[in-house]
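Presented sequentially are two complexes of chain A, the first with chain B as partner and the second with chain C.
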Partner chain A sequence: MIQVLVNGVFLGCLFAVVAVGLTLVYGVMEVPNFAHAGVIVLAAYTTWSVSHAGAPFAVAALAGIACGGLVSVLTEVLAYRWIITRPAAAPAVALGLLLILQNVALRLYGGEGRSLDTPYDTVLLKAGSVSLPGVKAALIVLAVLSLVALHLLLSRTSLGRAMRAVAQDREAAAMLGIPMRRQYSLAFLIAGLLGGVAAVAYGPTFQVSPYMADDVLLSAFVVVVLGGLGSVWGAVAGGLVLGVVEGLGAAYVSAAYQSAFGFLILVLILVLRPGGLRSTNARRVA
Partner chain B sequence: MRVPAWTAAGWTRHAATAAGLTALSVVAYLLLKGVQGDRGQVVLLVVVWAIALTGLNLITGLGGYPSLAHVSFFGGGAYLSAYLLGKGLPMALCALLAVGGTMLAGLVVALVFSRTRGQYFAIGTMFFTAVTNLVLTNAADVTGGPNGRPVDLGFSLDTTLVLLAASLGLSLGAFYALSRSRFGDRLRAIREDEDLAQHVGVPTARVMLIAMVVSSAFGAWAGVLFAQYNGVIAPSQFTFVQGFLMLVAIGLGGGGRLLAPLVGSAVVIGFTQLIKLGPGVSQIVLGVLFILVTLLVPNGILGGITALRRRPRPTAPDVPAPAPARAKEVAS
Partner chain C sequence: MLTDMLTVTDLTVAFGNTVAVRDVALSAASGTVTGILGANGAGKTTTLLGILGRVPRRSGTITFDGRDVTGDDTGALVRAGIALCPENRRLFPNMSIEDNLLLGAYGHGRKVRRERLERTYARFGWIRDRAAEPAGRLSGGQQQGVAIARALMSDPKLVLLDEPSSGLSPVAVDEIGELLAGIAAEGTAMLLVEQNVRLVRKLCSTAYVLAHGRVTASGPVDELFDADAVSDAYLGKAG
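Our next item is the complex of A and B:
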């Protein structure tokens, strides 16, 4: 039972890191960033190829995270920036970008899965009957660290204050002289860096492949809906809830249908609590 | 604006459309019958997709809602008919039950998601397709698992071809009728401004619900025919990437326009099947093309052509002035 919960927390941290990136972008720009999965894939492949070339893992990880930030900012500059006045086109553009990024990965690295080796592969933490592989422990640590860093950024710096202002009311923020374009790029940069962290952290537990992030992305979107689009702490809480639910479902019902439990939750929320568990000013239901 | 059906101009227009669609069906039949091999497969896929996408054109084109669930309805029709046929039921009954069952699934999906708006609708329907695919892959005793299952022959090949060609014309005709009905106007109202539509008395959730159920019928019927022609079906044919490509086809063709499904599927299938650019590249090209069209020509290829034709030409001053601006939808 505790083992199942620990696995759930692992999944939850993963979902939270991805979902915070999504919700940050949505809060600032109202874009459902499906392309985030593509960013994660490219970051994971970068990490793989740098470490495959013989560099130490820490360097490879940093390269992967940087690549995530770079690709994410590129999607904003090249595509999302041009549809800021037409939010209805956002899902279409986001999916188009996902198609491009995934197929770039497919083209560059081929379709077969690659395994990412880490120095902490063989570590196994044990406490009584509960065991936690080093890879999963590293993910939890990385997730907590990056979320705390994000919290400090959002709450303690003027950049963070400006970003929260943009998320609350774009027009008012623009009137107060906040440089909007910089905020958009910054949101995508942070989202991309978090995507890179997610890629480096969970690449080793799965295989690196062009479609590795699809399931995670869908679950992360459920998390975002659960927490309310645009709410960072909602995303963290939602991530943990969904991670535990999927972990329990996989352990006690059927592992093959793990992500279907996320869908079940999504349906339940939309039917029972159309405002999300934690209400935000983002509107979703008529 | 609609052409009033009771004027002479209206009837001429309807008759011309009917004649055009009949001719289209005949051409489709000749192509299906005459073209062999790889190219024959392309023709088949274009026709099947056009039938399925006519349904998507209702909800995404007219209603403005990006549905990624359509490929699940397509797959639902294919798998249900194959399963029932395997149980030994007569083909006509199988087809009927497959379409009916898929419409029931469409109703359930619509009940949950017809109240959600744009972004949430896209996320929800995308997830629905992912879960459907998960079931198709994992429920191996019914669906044959990841490698798919064979489909028994219910219709003879020639019957299938006739049905395909006839369904193409008939479904486009049904779309023509629906888009000119009050129902079509309501969908357009939702696309333009959902709050306003609701305010003036359009029952938005109910209209979306009906649109989704009707669209699932088109998808399911196309799936039945696809399964009959192809003889084998697999989950990889019904992934959410396919669902997204369907959306791309409607967007490229020009959402809400009568021939958008045909033009869109010809472009998408042509890119993915005919032009061999190596793995992934054709999809990259499609993605770039789709984003460019979304950014630059929001009304798609057909909308762009209409706009070009209607633009007055200042370089030739003695050309007679263009006809007074006609209703936008008429020219499509």
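Our next item is the complex of A and C:
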């Protein structure tokens, strides 16, 4: 049972890191950022490329995370920014961007999966009957560190305060002289960096491929709805709930239906609490 | 001799083909409260938003503190010293009162923000006691106090006030009136959009009457009321 919970926490941390990036962007710009999966893919391939070129894994990981941030900001500057007054176009643009990013990866690296080796591949943490591979432990540690850093940014800094204000009332924030474009780019930068963290942490547990993040993205959207659109801590809580539920479902029912449990939870939430677990009257990023 | 802090000339604001404000000219002097009066839909709020660059200006010039700021965006205007206290307060209800105040000083360094926060707490003692509470928990009058305090956090030379008495009890309106009179006495220029006649007569020395997006009368407040210019505007006889 404890082993199942630990596996659930691993999945939950992955979902949370991806979902927080999605909810941050949605909170500030009201964009369902499907292209986030493409950002994760390119970040993972960058990590693989730099590592494959002989650089230490830490350097490759930093390059991958930086690539995530850069590609994410580019999607905002080159595409989303131009449809800010036409929100109905956002889902189509987001899907288009996802296809573009995945096809860039496909063109550059082909469709074959690549193995991302890390220095902790062979590490196995054991406590009694519970064991945790090094790559999964690394993901949990990276996720926790990233989310704590994000919390500090949002709660303790002027930039974070402005971002929360924009998420609650964009026009009121603009009236105070807060520059909207900078806030949009910042939200995408943070989301991209988190996507990079997810890529670096998640890549080694499976394989790097152009479609590696599709399932994770779907689960992350479930998490965003679970946690309430625009709520960072709702996304964290939702991620852990979904991870544990999927882990339990896979262990005690069937691994074939692992994702189905997530969608079952989604349907229940939509019926019972449409605003999400942490719903309030106003959107927020905090 | 009072000097004009703000001079607006021929301001026209249009949304597509719909002209909301046409050829509005007005000025506001340091240390005074200048009123903008008129019925609902006359263009009062749009005029304030036009000055702050929040709505599309079609023409006109805006001179602030001796400088032409017509082409400046909202951020530049706020940094130059114009603050808006918007209609319905527009606080961020899920954020703490202190965070709301600090947003008023966005773009300034940490030291400046802290100094202004302390100055605000010195003026509004009750806010310090409740600084950590979400702003949405406050009463209407308290929220208005925080909204004005937030506007002052940018250390403005001109405050644009949009219906600060809206939805408040008579006692709260009197308190807000005292507060605004005190701020004006310190030398700040204020442009007040207001429907509360008592508050206007108490605070404003001069006023502009708007009807159908145009200035239909202007001058000393008492003269405007004596000449029925205000009642004409509200009852739809002007313009």
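FYI, the second predicted complex is superposed on the first by the 279 of 286 C-alpha atoms of A that agree within 3 Å, B and C clash if a C-alpha of one lies under 4 Å from a C-alpha of the other, contacts with A are read in each partner's own complex, and residues count from 1 in each chain.
Please note the rule applied: a residue touches a chain if its C-beta (ideal position, glycine included) is under 8 Å from a C-beta of that chain, and two chains touch if they have at least 3 such contacts.
All values derive from a computational prediction rather than experimental measurement.
**Student:** Just chain B (first), just chain C (second), both, or neither: which does A:W82 touch?
**Tutor:** In the superposed model, A:W82 contacts chain B only, not chain C.
**Student:** Per the contact definition in the header, classify A:Q168: touching chain B only (first), chain C only (second), both, or neither.
**Tutor:** The second partner, chain C, only.
**Student:** Just chain B (first), just chain C (second), both, or neither: which does A:V267 touch?
**Tutor:** first
**Student:** Return first, second, both or neither, reflecting whether A:G177 touches chain B, chain C, both chains, or no partner chain.
**Tutor:** A:G177 contacts chain C only, not chain B.
**Student:** Which partner does A:S158 contact after superposing on A: first (chain B), second (chain C), both, neither?
**Tutor:** In the superposition, A:S158 contacts chain C only.
**Student:** On chain A, which partner's contacts cover more residues, chain B's or chain C's?
**Tutor:** B
**Student:** Once the complexes are superposed, what residues of chain A are shared between the chain B interface and the chain C interface?
**Tutor:** 284, 286
**Student:** Which residues of chain B touch chain A once you look at their complex with the stated criterion?
**Tutor:** Listed in rising order, the residues of chain B that touch chain A are 64, 66, 112-113, 115-120, 122-124, 126-128, 130-131, 134-135, 138, 194, 198, 204-205, 240-241, 244, 247-248, 251, 278-281, 283-284, 286-288, 290-291, 294-295, 298.
**Student:** Tell me, which parts of chain C touch chain A in their complex?
**Tutor:** Residue positions touching the partner: 52, 54, 74-75, 77-79, 84, 86, 90-95, 99, 102-104, 106-107, 110, 113, 150, 154.
**Student:** Within the complex, which stretch of chain A touches chain B?
**Tutor:** The contact residues of chain A facing chain B are 26, 30, 32, 34, 79, 82-83, 86-93, 95-100, 103-104, 106-107, 111, 214-215, 218, 221-222, 225, 229, 256-257, 259-260, 262-263, 266-267, 270-271, 274, 283-286.
**Student:** Where on chain A does chain C make contact in their complex?
**Tutor:** Residues in contact with chain C: 158, 161-162, 164-165, 168-169, 171-179, 280-282, 284, 286.
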